[in-house]
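In the two complexes that follow, chain A is the common piece, with chain B as its partner first and chain C second.
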Partner chain A sequence: MLTQAWSWFRTRVPFDEELLRHLSAEPVSGHLKRWWWCLGGTPLYLFMLQLLTGIILTFYYVPNPEQAYESVQRITMDLPFGWYLRSFHKWSSNLMILAVVLHMMRVFFTGAYRAPREMNWIIGFMLFGITLLFGFTGYSLLWEQLSYWGITVAANILAATPLIGDVLANFLRGGTEVNGNTLTRFFVFHIGVLPTLMIALLICHVYLIRSLGVSQLEGDRPSDTKTFPFFPDHFLTELSIGAFLMFLITCLALIFPVGMGDQANPLITPEHIKPEWYFFWAFRWLKLMTDTNAVITQGIFIAFIMFWPFIDGVIRRRWKNSEISMFIGILVVLYLLGLTVWETVYLMH
Partner chain B sequence: MVEHLNESKSKDNMDRRNFLSIGVMASSLVAAYGFFAGVVLRFLYPRGRNVTLRPMFVAFADKIPAGESHSFSTPRGEQVILTNTGQLKAGQGHSFTAFSSRCPHLGCKVHYDGEGQQFICPCHQGLFDRKGVAISGPPAQAKQRLSEYPVELNGNSVYVLVEVA
Partner chain C sequence: MSLNAKQWIVAILALLFLSALLIVAWVEGGRARVVTHPESIVSSQNKDCVSCHEVKTPGIVGQWHESKHSESGIGCMECHQAEEGEIDAFNHEGKLIATIVSPKDCSRCHEREFKEYQASHHAEGGKILGSLDNVLAEVVEGHVSFDAMGNKSSSPAAVSGCLQCHGSEVKVLEDGKLDPATWPNTGIGRINPDGSKGSCSACHMRHDFDLAQSRMPENCGRCHLGPDHPQLEVYTESKHGIAFAANRERYVPLMSAKEWVPGIDYEQGPTCSSCHMSATRNLPVTHDVGARISWTLRPPVSEKIDAAAKKMGKDVKPWEDRRSDMKDVCLSCHSPNWVDNWYIQFDNLVNLYNDKFGKPATLLYKSVRSKGLITNEINFDDAIEFTYFFLWHHEGRRARHGAAMMGPDYTQWHGMFEVAHRFYMEFVPELKEIIEAGVKSGDPKLVKSAHEVEKQLDEVLNSEMHRWFLGKMDDKAKAARDKARKEFKKRYARE
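This part shows the complex of A and B:
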């Protein structure tokens, strides 16, 4: 009976079963049994959760300055399980950023970005940037005081960019002021442009991982390492991680459900304006110098990390097998962590 | 899982223990994601009717003489016809009625005909008497009636009890 149904289906939807089995059973290195080698799959799973809960929240969200705040309030206070789904979306986004950062650190400190995988580092770095933009456009949609003034400050930081500053700021705001246009374009970015870009880049990212293979641990010769099939073994690992993440996010949503700040008011700037924690480092950096200097130095810093695989390649050709990347990596982590902690401590007082 | 390195799980080593552990894992996952799906459906499905009734001021009684009617919308967007039938209702002390102007047949908008003292639905010639009961046309065949809203008269002010969102 089952065989008949299967062959009925196969006749109508023909595909190469052998090829499918071959593709899904791709052998992966034994070290992928360790969870920190699964940190790339974690943000992918969280991204899928974000797509799902995001689409669900869009059923009730109204992207209009007059109604946005109230619609979020209605979702949070009024609709059945709205508080849970909104808290889920928010906590999942926070964990996604954390997971991407940990994944990048794993890739960096195991040297997995080195030739021939430089392009994939750059694609991954762009995915990280998109993840941050998701966070920024997302909390702007609430149209509360911090969203409104967050956009205002961000636009003014952009305006400090030499030469093209004003163009960038006007593009972000959809005009010279933060208003309904701004909310519309943040909404379009959040639910249209960014997801499309992210899916496209994810396809490139995964394609390059598949075609170049997962990087070997340093010191291992390919023949030394044990392998296991992607399906079902690695798939089951990812499934367990997925179940754990659902549990974790649900706990976070229950213990720390999201609330509402004050509604956006263009006439009053709140006394304590702060971005989300993942922008603390940039926010602190901004307070240490003039806007233009901050934008220039951060631009150089970002380009430095983005193109590090090529810089590292040049260094390693000049000084054979130099491990300077370890020191650079630790410096960058300390720099980001230091500024984040500094800003956190400052905001707590 | 670690002992399965270098080999894919074939049907041959699907022993009882494997079968049980896969069963437990699969049913737990189905239960967990099923619960999540339930939450999502509950969120997406429109809310049931909330039966909190609040009096809503509609008109001054002396502005609506006998045989006249006045249409208005409730806060939930329902269209209602307030009518002065000219005949005192038993135990109420006034002659006002309020009926939904939505025809129970297919949702067209009914209007009040003061001379005939009846509600007329133009779509399929449905007729309702002044108590809202269908007397002719498809609604009468289906034994339908217009839904009624309680009316209160306070001095010269007419209030209709409506559902609030």
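This part shows the complex of A and C:
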């Protein structure tokens, strides 16, 4: 019966079964058995969870300044399992950002960005940027005080960009003020533009991984030079991580369910305007200098990280086997971590 | 790690996840849902009422379904239940109920509001039997008769007019029904069978009690409008009213919220309740509508609102404190300098009305009455009584209310202009006729009185503010007027 059905299906949807088997059983480098080599698959898995929960949330969310807050409130308070859905979406997004950061650190400190994988580092960096934009546009949709004033501050920072500041700020707000236009474009970005970009870049990212192969770890142990099949070995590892993440996110949703902040009110400036934790570093940096200087220095910093594979290439051509990348990497991590902790401590007081 | 071990790990983790989902389901089942558009809670004691009245009076039940009361299970019996021995209690389908839900009934849950309200001027609105307004409704416009037992009939003019705003004294007939001369009535100072004063539904329309409705300017405008106290019209022409009208659509959904604080929940267009009742950043909400009013603009001569009570030895909130509280509302949107200057403008207008027209007209009117030049014991039988009444009760109030609520046209053309016209063109000529009649009467007492009033009138007309009327404007003022007139004509090329 099953055989007949399969045959019926194969006749109508012809495909190369052998190729599929070959692709799914592709040998994977032995060092991928270490869990931190699965940090690339983790954000992908979390992104799929975000897509799923996000679609359900979109059924109930109303992207209108008059009703947005109330609709989120209804999802949280009224909709069956709405609190769980929202909590899951929020915690999953936080873990996704964390996983992307850890993945980038793993790639950086193992030198996996080096030739011929420079382009994939840049694509990965763009994926990181999109992940952050997902976070920013996502919490803006709640239309809470944090959302409204977060956008206001972000627009003010953009406005400080030399030459094109006003254009950028007006583009972000959809005008000269944060209002319904802003919410509409944030909604469009969050559920349309960013997912499309994310999926397109993910395809490129995975394609390059598959076509260039997984990088070999320098100084690998002899046992790691062996390979193992992607399916079912690596698939089971990813599946166990997936199951663990589901469990972890559910626990976080139960212990720290999402709540509601105060509704956006242009008349009341909160005592502390604070972004989400993953922007703390940039927010602290902003407080240390003028807006324009902060925008210029952060722009340089971002470009530096984005194009680091090429900078590193030049350095390594000049000084063979230079380990300056390790030093730079540690400095960048300390810089980001230091500013984040500084801002956290400041906000706690 | 072997594949088998990996499979076990996946299975264990999946089981852990499923267990966590069970906890999620348990939490979901046990949580009190805070719903935004909840179903009405019909308690067992209200079930019969609702099912029957859904057919008989679906409007009432529909209103209740829209209310916050219905969300909390506050239904028919919670408000309408009566105690044995209450004069208006009656048995209805096996339940002892009362038709009227008095403020005392509401105080079972809303005690603070009840206390504030009972202490307010609104609560005293029903005590108008001795007023000139009541003379008009029961004698001049209407009519009442008395039976052999001395019981008074009602005047339709009062029942359908005055008392609908001021409030009736509700009477229960011998058969337990409510006297049609006194009910239906939701007057602000209604005197209820249980002795409590007022009617919460005067402002909070039953049975949905929507806060947005009670905060609408039209709600106060049910009574505060018309020729004698056009607060609604003044508000509508004021910038406050214009700003509210422009933003009304945006505000309506927000006005049903418990808090509606100027400067926090909205940025412009306060309504009557915003200034007179609502909470501010520093003040709590009050149901004593006079708590922020510093002048009384109601009588022939305005005085500070605590003056009468002080004369009677009562300890009331001083006018300075009331003004300070009103200023606190103003400061939600205006600067201190703006507010102080505005109060100077307002005080100056009230003082002008008082000094130029209110006080002299009252002095002369009382004088002709007390000296017998017109009948002292009958109201409204002499033309000058209507004239004087129009002057202070209609036009004088309009001018003062116009200034109080920033309605320039009501201050000027509907106000001070008409006051002046009434005074110079009607009151003074009528007074002169009365004086002349007194002089010609031949009755020595009346002749003497007429001369005394004539002297008073001369003093008034020769005083600084009125001497222009006799052509005695002083030279400086005259020169200034001439100069201004010439410039005005030159500006419009008429000379």
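Just so it is clear, the second predicted complex is superposed on the first by the 344 of 349 C-alpha atoms of A that agree within 3 Å, B and C clash if a C-alpha of one lies under 4 Å from a C-alpha of the other, contacts with A are read in each partner's own complex, and residues count from 1 in each chain.
FYI, contacts are C-beta pairs under 8 Å (C-beta built on N, C-alpha and C of every residue); 3 or more make two chains touch, one makes a residue touch a chain.
Remember, predicted model here, so these are calculated numbers, not experimental data.
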Fit-or-clash call for chain B and chain C when the two complexes are aligned on chain A: clash
Contacts of A:Ile268 with chain B and chain C, given as first, second, both or neither: second
Partner chain(s) touched by A:Phe244 [first = chain B, second = chain C, both, neither]: second
A:Ile164 touches, of chain B and chain C: first, second, both or neither? neither
Partner chain(s) touched by A:Pro80 [first = chain B, second = chain C, both, neither]: both
Which superposed partner A:Ala115 touches (first chain B, second chain C, both, neither): neither
First (chain B), second (chain C), both or neither touched by A:Leu254: second
Which superposed partner A:Glu66 touches (first chain B, second chain C, both, neither): second
Stretch in clash, chain C with chain B, out of 24-32, 60-68 or 348-356: 60-68
Set intersection of chain A contacts, chain C complex versus chain B complex: 33, 80-81, 84, 232-233, 236-237, 239, 243, 246-247
Chain A residues touching chain B - in the complex, by the definition given at the top: 25, 30, 33, 52, 56, 59, 79-82, 84-85, 226-229, 232-233, 236-237, 239, 243, 246-247
Chain C to chain A touching residues, read off their complex: 1, 3, 6-7, 9-10, 13-14, 16-17, 20-21, 23-24, 27-28, 31, 33-37, 250, 253, 263-267
Complex contacts: residues of chain B adjacent to chain A: 1-2, 4-6, 8-9, 28-29, 32-33, 36, 39-40, 42-44, 47
Parts of chain A lying in touch with chain C, wherever the complex brings them together: 33, 66, 70, 73-74, 77-78, 80-81, 83-84, 232-233, 236-237, 239-240, 243-244, 246-247, 250-251, 253-254, 265-268
